[in-house]
Structure formats: C-alpha cells, structure tokens
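Labels run A, B, C, D, E and F following the written order; every chain starts at residue 1.
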Amino acid sequence: MKEKKLMKKGKRLDGRGKEDLRDITIEAGKLKRADGSAYLEWGGNKIIAAVYGPRECFPRHQRSPYKARLDYYYRLAPFSVEDRANPKPSRRGIEISKVSAEALSDVVFLEYFPNTTIDVYTVVLQAQAGTRCAALTAASVALADAGIPMKGLMPSCAAGKIEGEVVLDLSKDEDQCGEADLPIAYLPNKDEITLMQMDGDMTPKEYEEAVDLAVEGCMKVYEIQKKALKEKYRQFNEGGE
Amino acid sequence: MKEKKLMKKGKRLDGRGKEDLRDITIEAGKLKRADGSAYLEWGGNKIIAAVYGPRECFPRHQRSPYKARLDYYYRLAPFSVEDRANPKPSRRGIEISKVSAEALSDVVFLEYFPNTTIDVYTVVLQAQAGTRCAALTAASVALADAGIPMKGLMPSCAAGKIEGEVVLDLSKDEDQCGEADLPIAYLPNKDEITLMQMDGDMTPKEYEEAVDLAVEGCMKVYEIQKKALKEKYRQFNEGGE
Amino acid sequence: MKEKKLMKKGKRLDGRGKEDLRDITIEAGKLKRADGSAYLEWGGNKIIAAVYGPRECFPRHQRSPYKARLDYYYRLAPFSVEDRANPKPSRRGIEISKVSAEALSDVVFLEYFPNTTIDVYTVVLQAQAGTRCAALTAASVALADAGIPMKGLMPSCAAGKIEGEVVLDLSKDEDQCGEADLPIAYLPNKDEITLMQMDGDMTPKEYEEAVDLAVEGCMKVYEIQKKALKEKYRQFNEGGE
Amino acid sequence: MSSERLIWNVKKEGIIKRIKEGQRKDGRDMMERRELKVTPGLIETAEGSSMVELGDTKVIAGIKLNIGTPFPDQPEKGALFTGVELYPVASPSYETGPPREQTIEISRVVDRGIRESNMINLEELCIEPGEKVWTVAIDIFPLDQDGNIIDASAIAAVSALINAKIPKYEDGDIIRGEYQKELPVTDTPIASTFSKLGNEIIMDPALEEEKAQDGRITIYTNDKGNVCASQKGGNSSFKRDEIKNIIKEAVKQSKKPRKELLKNK
Amino acid sequence: MSSERLIWNVKKEGIIKRIKEGQRKDGRDMMERRELKVTPGLIETAEGSSMVELGDTKVIAGIKLNIGTPFPDQPEKGALFTGVELYPVASPSYETGPPREQTIEISRVVDRGIRESNMINLEELCIEPGEKVWTVAIDIFPLDQDGNIIDASAIAAVSALINAKIPKYEDGDIIRGEYQKELPVTDTPIASTFSKLGNEIIMDPALEEEKAQDGRITIYTNDKGNVCASQKGGNSSFKRDEIKNIIKEAVKQSKKPRKELLKNK
Amino acid sequence: MSSERLIWNVKKEGIIKRIKEGQRKDGRDMMERRELKVTPGLIETAEGSSMVELGDTKVIAGIKLNIGTPFPDQPEKGALFTGVELYPVASPSYETGPPREQTIEISRVVDRGIRESNMINLEELCIEPGEKVWTVAIDIFPLDQDGNIIDASAIAAVSALINAKIPKYEDGDIIRGEYQKELPVTDTPIASTFSKLGNEIIMDPALEEEKAQDGRITIYTNDKGNVCASQKGGNSSFKRDEIKNIIKEAVKQSKKPRKELLKNK
C-alpha cells in the first residue's frame, strides 16, 4: 500500500498541484423542512447539512439563561463508505461532532438566544477523505441560510504531508498513504483558528507550513461559501428556484 | 417444507374446515394484583393479559390534559417458542405493540381519563401461530374486567390463504407454509376494522374474501369474550371464585 | 484444580492459621477532590474508596424529604483481574453494590440529610479474593473521613470452609477450591450483622461457627479502621501531610 | 383548551372541510399521487442507490452488499435487511438515538413489501450453500419530510435495488467498485398509502394532511396487480367498503410509478 | 409528613403490632409458609416448566435447552443460566426496560441456590468435551406479585428443572418435541425467606408484610439439610441469635415443599 | 445573573488578572508543568501499570495483553485499544454510565499520540499472521482530578506501556504471571496541554485554571522532537502566532518528562 507513488513531477495522482483544492460546489437552501440547509460536493464527498433552531431547549437542565446551546451531529450514512457504516454513533463521529460544535460555538452569537438550542445536522452521503472539513463547511452555509447571526462564515480545510511535502486537501489515497493530516477551521474575519486536529509526523516547521497552507485553503473555500449564499439570495429575489 | 399437503378433501391437517376457528377458552380476572386480567388459550397459544390503570402518567411530558395515554405491550416469554426468545423487545414485538395500541385507542374512551395512562400487558406463555390476535382478544377482555369504558369489546382474528384457498385462523404449519396471512381486529358494534396487516400474495378479490372471513371469525371470538365476562360476573354475584 | 492441598498441619498455604486475617493496611484521606477517601491493601487486594456528599439529589424523583439516599458503587478496574474486566457494570457488581448500600444505609444517619444523596465509590485496582469485604471496609473509613455521622464504623470480613474446616478470610486459592464462603459486615457498637451472603455447603452448625468467626475477624478489622482514622487526625493536627 | 390546540383544531377542520369539497391544497385529486422524481445511481460508494422525490418529500436509499453466513433454515439463500433511519435532518420531530416504534414500523412495512413480493431472487445470492451468501443491506435515509415517508421510502428502496450490482468476488475478497452482474430483481412492488381524515379518504398525504389524519392504510402491490403486504396505522377504524376501494385504487395507481422505476432498468 | 406517608406509617405500625401479638392477617403462624400449589408441565414449547402458587403469588418458570460451547475452564460441563424478569404484568411497581438491581439480585440468589446445591449434574450435559455441551436456560416470569417473589421463583425454577427433559440430538440438530431422557437432577434446594419487621421475624411475607419489612434473609437448604446459599437484604441488621433461629427454621420448613416437588418426579 | 454565576465570573476574572501579572496560584511560570511523580509496576494483575501524579492530579493506567485476531487489513500486526474511564471517584463532575463525549475525546487523543508515534512495534506482536496476534488494552483510570487529566492520562499510558511485559504463551494458553520479554517500545510520546484564558496562554492548567479556560490545545511530541498529534478543544479560537509558540514550548517542555519515563526503563 505504501508503495504507491503519490507525487510525480510536482503533480499529484489526480493532477493537482501541492496547493490546489479538489473541486467544490455548494448549494444553499436545498431542503424545505429545515430552517437552513446546504448541499455540498467536495471531490468525491457528498454532504447535506441542515439547521433547526433556535428552538426551545429540551431536556430543561441543558438550558442556559445566558445563551443558546449549539449541538452538532456528524453522521456517516450507512452506504457512504465501502464497508457499510453501523448506524450507531461511532467514537470517531462523537469526537468530530464535539470539536465541530466547539468551533461553531465561538462563531455563532449564542448569547442572542438564551434558553434555546440550535441543532446542526450533517450527513455524509458519500465519503472520500476530508469529510469533517467538508461537513463543517456545509454547516456554516446552512447556519447562514437559517439567518442565524455569526461573526462570519467559517470555512474549513485540511493540509497534510505526503512523501515529505506539505500539500493541501488530501485525497483518499493520500490520506491512507500519507504521513500527516491537519484539518482546521478558520474565521477569516478575525484571522483565527477555531478547530485544529492533527495526526502523523511533522517537524515543528512543517506543522507551521501546514497551518499556513490550510488557512490559504480556507480562504478559497470561503469564496465558494459566499458565492453559494449570493446565488441563493439572487434566486430568492428573482422569485425563487 | 413447502411440500407438505395442507388440505385434503376440504379439511385441514387438524381436521378443521376452511371457516373453523381453533378451540378458544377465556377466563377473566385470573390475577389478583392487576386492575383487570384475562387468561386465554387459543389452539396451542397460552396468553395472559393484565391491565393497570387509569393511573398517573409518567414521565410527565407524555401526559395529555385531553385524554388518557394507552400503552400496549406484546411480549413473548423466553420459553414460549422453540428457540428461546431473547428477553429484549424485538422489532416484531414493537410493531405489534404499536398497531395494537392504536387499535385499542380507538375503542377505549380515553377522553374520560385525562392526564392518566392505561397500560395493557400481554404475555405469550406458549406460542402456536396467531399470537397477536390472541393477545389482543385477551387484552380486550382484561380491559372490560378492569371496568374501563369502551365502545365495545374488540375481538381479533386472522384469515389466510393456503394452497390457493382462503381459510380462517391459520395454524402453525399453515402459517409457515401458507401463501398469505391477514390479521384484523374488529369492532362489532360499529362494523369497523381497527387493526389490519397482511403479508403474502392475494388477488384483490381474495383480499376482500379474507377480510370478510376474518370478520366472521371475529364475531365468533366476540361470543367467547362475552361469555368469559358473564362467567366472571356470575361467579362474582354468587360470591366469587 | 480441586486436588491442591489447602491445609497442612493446621496451617494454610500462605502460612496463616485458621483464624488469621491476611495483612491489612488502610490510609484515610488519600484523595484531594473527594469529600472523604481511603486506600486499603488487604492481602493482594488494592482498593480505593471515595465519598461525595451529602449533595443535592438528582434526578429529583429519587429525592426523599425524610432522609438522604445512599448509593454504593463496587467497580473492578479493567486491569485488576487476570482476564481484563469489561468496563460495563457486571451483574455480580450490581448485586454487591446493592447489598453493600443496604448495609451502609442502616449505619449512616441518613435522616440528618433529607433531599440529598451520599455517593460511595469503590474501585478495586487489584483483586485477590474477598474484594467485597475489603471495599466495604474501605468505604466505611472513607465515610468517617468525610465526617458523615454514623452509628459506628462498620468492618467487613468473610469466613469460609476449606477441606472441611471453618477458616477466616479466604485467599484466592482457597476461594476457588474451597467449599463455602460467607462474607458479612458487622456493627461492633450494636453486635449486629448488616450484610450476609453465602454460597457453598455448610451444616447449620458450621454456618453458626462461620458467622462467629467472621464477627471475630470484623473486630480485628475494626481496630485497623480506627487506627487509620487516628493516624489521619494525628497528621491533621500536626499540620497534615 | 390551550390556544395552540385550538388553532390546530381549527386548521384541521379547514383541511377536512376543503377535502369534503373535493379540494386539496396542492390542487390534486383525492386519489392522486404527487409528482414522482427518481434519480438512481447518485452514490458511488453504494452498490446501488436512488434518490426519490415525492412532491417535496425527499428520501435517499443505498444498497450495500457483503458476504455473510446464511440463516440455518435457509442455507441456499442470500439474506436481506431493511433499515429506515428517521434522522432529524429531515424533520424537527425526528430525534437522534435508538430507533423508536415509528421508525421500526416503517422499516418493517418497507421490508415486508420487498420480501413478500419476492422481488429479489435470493437463491442467486448463494455463493456456497450453508457457508457463504451475499447479504443485502437496504438503508433508507429521509432527507426532507413533507408527508408520506412510507411510500417515498418504499419506492426509493425498490429503485435502489433495481440500480444495484453485485461486486466481483475473487479469492474470498470483495473487489469494491468492480461488478460481476446486476442484482437479480424479478418484481417491482409499489406502496400506496391512504389517509383517513374524518370520513374522507385521500391518497399520498402531504405533510399537513398527514398531521390532520386519523388513520392510514398502506397497500403494497406487485407486478401481477396482487396485494403483497398491507398495514393499517393510526387510531381511526375503517369500514370494509373503504378498504375495498383503497385496494382498487392501490392497484390502479401503482402502474405509473412502476413504469417510472422500470424505465431506469 | 405527607398524608400518604402518615397513613402508611400507621398501617405499618398496625401490621407490626398484630405480629407482636402473634397474629398475621391471614391467620398463619410466624414461622409458617403459605399454601403451595405446584403445576408442572404447563408449557409444551419448553423442555420443562412449572407454575408455582404461593398463596396468591404466582410464578411460572420455563426451561430451554440449547447446544453451546462450554466455558474454557470447564470443558466437560454443561452451562447454566438463570434469569428472572420482573415484568409489569405481575405488579404495578415493576417496569419494562433493562433489568434493575432488584431483578438482578433475585436472579443471582435463585441461580446461587441451584448452582451451589449442584442439583444438576453438569458433567452429564457434555456432548463433546471443549466443543459442544447442553446449555440450560432457566427463565422465571412472575405473573402475580403478592409477596415473596424470591421463594416462589426459586421453587418454580427447581420444579421446572425436575420437570425438564433433554431433547433428542441427531446429526448436529436438536429434534424439538422428542426427548432422549430426563434432565439429570440430583438435589432439591428450597429457598426460605424471613422478614424482619421492627424486632419481629416472620417467614414467607405476604405483600403487605413485605412492604412493611425492614430487612430480610433468604436461606437455601439442600437435601442433606445443609445451607447452600444465603442472602441478607434490606436496611435492618440482624442479631446473631436471630440468624441462628432463622437457619433452624429454614431447615425445618423446607421439608414439606421438598416433598411436594419430589412428588411430581 | 444568578449569584453563583456572578461569584464565578469574579473569580475567573481574578485568575486571569493574576495570570496577566505573570502569577499563578501555585507560583509556577506560565510555561511550566507541575511536578511529575511516576510510580510504575504498582498493579501485579496487569501486564504493565503506572501511577502518575501531576501535582495533585492522580491517574493510574494498566495494560492487559490478550490473544486476538488481527484486523483483516493488517494481518501481521498486533492490535491496540485505549480507553479512559472518567469514573466519579476522581471528581464530582464525572458520572457513571456509558462514556460521554468528553471521555471519548480524551481516549481518542491519548490513543492518537500512542498510535501515531508508532511507539509500539506492532509487527513484533504477531504470533501467526492473519490468525493470532497480541492485543494490547490500555485502560486509564483517573483517581483524583485536579486539572489536566489529558496530560496525566497520556503520560500514565506511556509509562505503563514501558513497564509492560509479554506473558509466556504455550500450547495456545497464556501463562499469566510469567513473562517472555518486554513489550517492544520504540518511542516516548509526551502530551503537553496549554490553556487559553482571555488572551493569556499557560501550560498544564490546574483545576481552577482549567475551569476558567476558554480553550485548550494539546500537542504530542515524539523522541525526534516532531509533532505526532494535536487537538484543539473548547470554544475560544487561536491566532497562528499563538499556535507556533505552543508548538515550540511543547517540544521544549517534553524533554524532562520523557527523561523521567525512560529512567524506569
């Protein structure tokens, strides 16, 4: 497995350069029932995000009189991966949900909505590496689509290391055979990092490089997020889909 | 398995004709602790039903200020079937409980008892095909024994299809090798069907025939239900068991 | 397994006489965070006990306006036994927790603390037979360390039967190959037995003998409990650890 | 009576009144299904998949094939599993956590239609009798609940099965992404759900109608026009005449969606 | 003090007062078991079964035999499992859902008596050492809780085991409904439960007495008149003299029910 | 604002104010770990164990080795499992019951550091390729939570692994208590956690500091001084410069505990 050559003459297996993202499309407001929603394709990933709320918080003891509670659910559809995913929440999914909720909680003005809950559901319909960043990117658009006030849109993107080189947005092959992966979420308005995880092996210098490259990736994702929302409101003003 | 001949000269393996029920006996008020109860034998089925309530409804959020909540529990005792039944509620049992509760909820005057719950527990002690109808039949008698006001007694019975013929009340062999099974519950007072499920393969005409035959079966079961209650009150008036 | 000779010339495999305890040391107040705690070594057993409370009781419906609720948790650390213990509560652990809670509930003045709960957590870090008595002995010291008023310290100890003889405090080998085990807990102040279980085979006379011997064992354990608490308060008065 | 309940009762009466006058909010006939849009093959990680839109109700179904051991009493047959997950992405009334009775009922009704129609030739899924068979997992995931999740789920499941292919299997390993042949599908069962509101009966309830309904009946028909499964739900009871009419309509109204599904075969 | 609690305290005092005066509501002696009625073989789907009535308390027990693998440390022995289910059919205080500590305690006490008396010859249940043994599942289902479920469950379990037969086993298949021989039963352990109310001790508490009790002790005796299991429960403590007297009574009072059970053998 | 919350806000401001003035309650520097005490080998029933005290925070870790089947995609490698249990013995805010998200996050962060540093040579744990391998269960049990359970757990786990030995394995049986060799350990990953309070960043938060923190970052470094895992938690965000400084400090501050752990090797 490790023998596959991941880079050739500065190009990756799928033809991308080191600092290129995979193709991304986002559509805001795909669902009727949810208060806000987004459908995203990112490389081979297909993801739907839906937002419900602010709504009354149950059970009551989870309620805060000072701010809304934000819950985030990351979920692999059973058919989204090669080996059918068990519908029970996985430990991996619970961890991703926790750090994603913490990242969004810093970005949404929760204090505007005391005693309520804002629920963000993301479902990976088809998975091809980088799903946590893709889901969080879709969730941020769905929150905006729901009209929930935020400090700004929050893009998310990973950098990684393959064959000794720091590259942007690992593909599935690169993720499996690479040396490190570093997903972040980022708030462009404030130049701050709201989510950061990493596994693999990187020198401190490579780590810094990867953070900077992931931030660049986030800036590109940010443009696509904004475009999706503009498109939605354009359609809305012209009389809808 | 499918090769067994289920009918011979218009008679079934157990000697019944097409429109015959298996033997049924019902005894009302067998249990001391329950508010109402019934013990039923139907062919090889042995079933106990107990009713508790109306009583205060917990948890509170399930309470309605407009009517009682009726819960129904269908349960196979572990030793009631050839291969020991797992004590955890099965998906099959949960479905049967749901449609049975819905059928009874149309028959009991729930609006007389706001904020309460009426719990109906049925336990199959020995199972030989047709347990859902048998349990519901016992439950209806137990509700009457508990003195809970109803639009009427609700008998339940199945019709089925074996070797191309529509017959009443399938036995275990017939259930396993037959072509269709159609259990119903029925309210004689109003000539209405309160529960209906079906699986197998029937032409629309056979389906209609089966519904009519099952209703006829219910009318016979109804007589046995009434007799059981009369017997109980006769004993009661004469000084009890 | 049963062939091992457990006694030779009135001495047991580990050199003890019939009425000897294994070595016991108890240290009160080992933990900073808990309201009371104790660390105990008893033969090869290593046990930590921590007490939290009296504190507000949740969920509310478990609250009593007449007295505190006392909960007891007996827990094997996964690495405390040869074959890794599953972290889920075992049926054995649940039974031990129940009878231990009942024993302590008779000893603690629960009526002084209405609407509250007192939680006693015991963790077996290393297990070598007799853990339920050892844990309860540690718990009693931890309750005293928490300053919770009690009728008295409650020691616990088992007697058993090996090769036809009634002996005190079974070792692991004796427990596995012996003929009976009878753990008790005892309140010296009142000469009363607060916990008693038994399995094996004993004549009524042996049973009586074993109860008396176990009580003697409890009296020895009681002295060690008192010493541990004195030591704690000595250190405290001299300026503490 | 609380004001919320009062408002809803008024609303419900309005819906029933309109239906009595022969009008549905979206202009449909009483016995008319909403427009059906079927998009098979959307999910590449699945062996088969389909997105079904029934009006604004959206359901996606995916098929995963794996190797398993057959049931002891059916050593020469593949195995089938159907699971619906009412994940809260689709509706504010759905909840995370273990499946509830509503979820289990829908799963079992969909499963029954597929199983009783014998639409999959399970014998062809046997690799080694008593030892190795293909197991077919049908996972159904509603994305937008605008009424009648049962029919949308049932149609999505059948469409995904029609779309499914069996992976190559060599030396005991499944080669994902390479296929040996189509899943052996022999029937096209269609579910039709009817709601009773007061004394009126309508087909394929939209969300508001479903909320106002007193009871429902689902009828599954197969290619022969026979009934292969049915289920009554909800608290109201049905007259025998009503049932007979429902069966008739179910047979009639299943033809169009059946044709739609077979188009993609 | 709430009025409900007040009323109960008065009632409890009344019960204790009557007992002090040597009277029980149903006229029994302090150390007397209620009438025992045993009906073995009621359930044909089980390999063994028994319905036990202890006064108005009713418990049914059923035995299922299956083939399993032995425990690694006992490769030549069959396996035993005892489960009590406190299903709410029997009492308004029972609940559905996973077993609670009360259920687990009763299951384990009943299991201990059966296991420690060695009443089943587990060696005879070995089919192929280390590979295949009979496993015996004892399922106990109270139907009417009128006090002392422990003793009724224990007696029902033993009675069902005495009633049980081993099915025929041919070519790796169990032939249900046909039997090769009786389950090898070698002892008749009897459980006797005693309640302490204030300072009074009574045997076999009826429901009201049980509700008023402060503590209880269960003693299991075997055919030799030895103790093979015991369990103290509840919050009150016991004097050593009380325990000695309880043991004496347990041995004495077990003879009659033991005879009753063996009658059916 | 409730009085409780008001008091806590005042307290939190006090903690942050002191830190701004360069003071921590226990006199430490901003970038200083509390005193570390490591006691390996405490538990004889485990194949390896260690008690770690980080200030007043106490964590015990134990290693159990068992025989299992390898993962299909890694037939020649042993398997590893890391579980933290936040049992309420250590803190009034911990709860019994199934693991919650906090527990799962800590388990996974500790696991990641061990796994990604390749500190255990899993190939050496293969007994028979594709059939039998050693599985290593790392169980971590905090006993006293006085802040920064993540670092204490991570250090206890690594220390217990260094302490661990592989049991003898003969004729398919593990001989517990007799050992063939040490567990093949090749690295010493060290976790360092940093808290952000307002705009201040400190290392190894004590309980009060942890309660007052807005966010945290954990950095795992390996023997080469590289980063092998990291995790941001909590609601506050971090500037890139802050992250760079944290990495630098993590590398620097890991040397002393690493030396401490290797001392016992």
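FYI, a residue touches a chain if its C-beta (ideal position, glycine included) is under 8 Å from a C-beta of that chain, and two chains touch if they have at least 3 such contacts.
All figures in this text were calculated on a predicted structure; none of them were measured in a lab.
**Q** Touching both chain C and chain D, which chains are there?
**A** Where chain C and chain D might share a partner, there is none at all.
**Q** Return the chains common to the contact lists of chain B and chain C.
**A** E
**Q** If we define chain centres by averaging CA atoms, which chain lands farthest from chain A? Would you check?
**A** Between chain A and every other chain, the largest centroid distance is to E.
**Q** Compare the contact pairs of C-E with each of B-D, B-E or C-F and report the one sharing over half of them by residue number.
**A** B-D
**Q** Please report how many Å separate the Cα centroid of chain A from that of chain F, as a whole number.
**A** About 27 Å separates the centre of chain A from that of chain F.
**Q** Find the geometric centre of each of chain D and chain E from their Cα atoms only, then give the gap between the two centres in Å, rounded to an integer.
**A** 48
**Q** Centroid of chain A to centroid of chain C, CA atoms only: how many Å?
**A** 52
**Q** Draw the chains as dots and join the ones that touch; what shape do you get: line, ring, star, complete or other?
**A** ring
**Q** How does the ring run, chain by chain, when chain B comes first and chain E comes next?
**A** Order round the ring from chain B, first step to chain E: B, E, C, F, A, D.
**Q** Flag every residue of chain F that touches chain C in the complex, lowest number first.
**A** 42-46, 49, 56, 58, 60, 62-64, 66, 83, 85, 87-92, 96, 137, 139, 141, 143-146, 176
**Q** In their shared complex, at which residues does chain F touch chain A?
**A** By the definition above, chain F touches chain A via 1-2, 5, 101-102, 104-105, 107-108, 112, 115-117, 215, 217, 222, 225-240, 243-244, 247-248, 251.
**Q** Quick check on the complex: what are the chain A residues that touch chain F?
**A** Going through chain A, the ones touching chain F are 65-66, 91-92, 94-95, 97-99, 102-103, 105-106, 182, 187, 190-204, 207-208, 211-212, 215.
**Q** So in the complex, which bits of chain B are touching chain E?
**A** These residues of chain B touch chain E: 31-34, 44, 46, 48, 50, 52, 55, 73, 75, 77-84, 87, 89, 119, 121, 123, 125-128.
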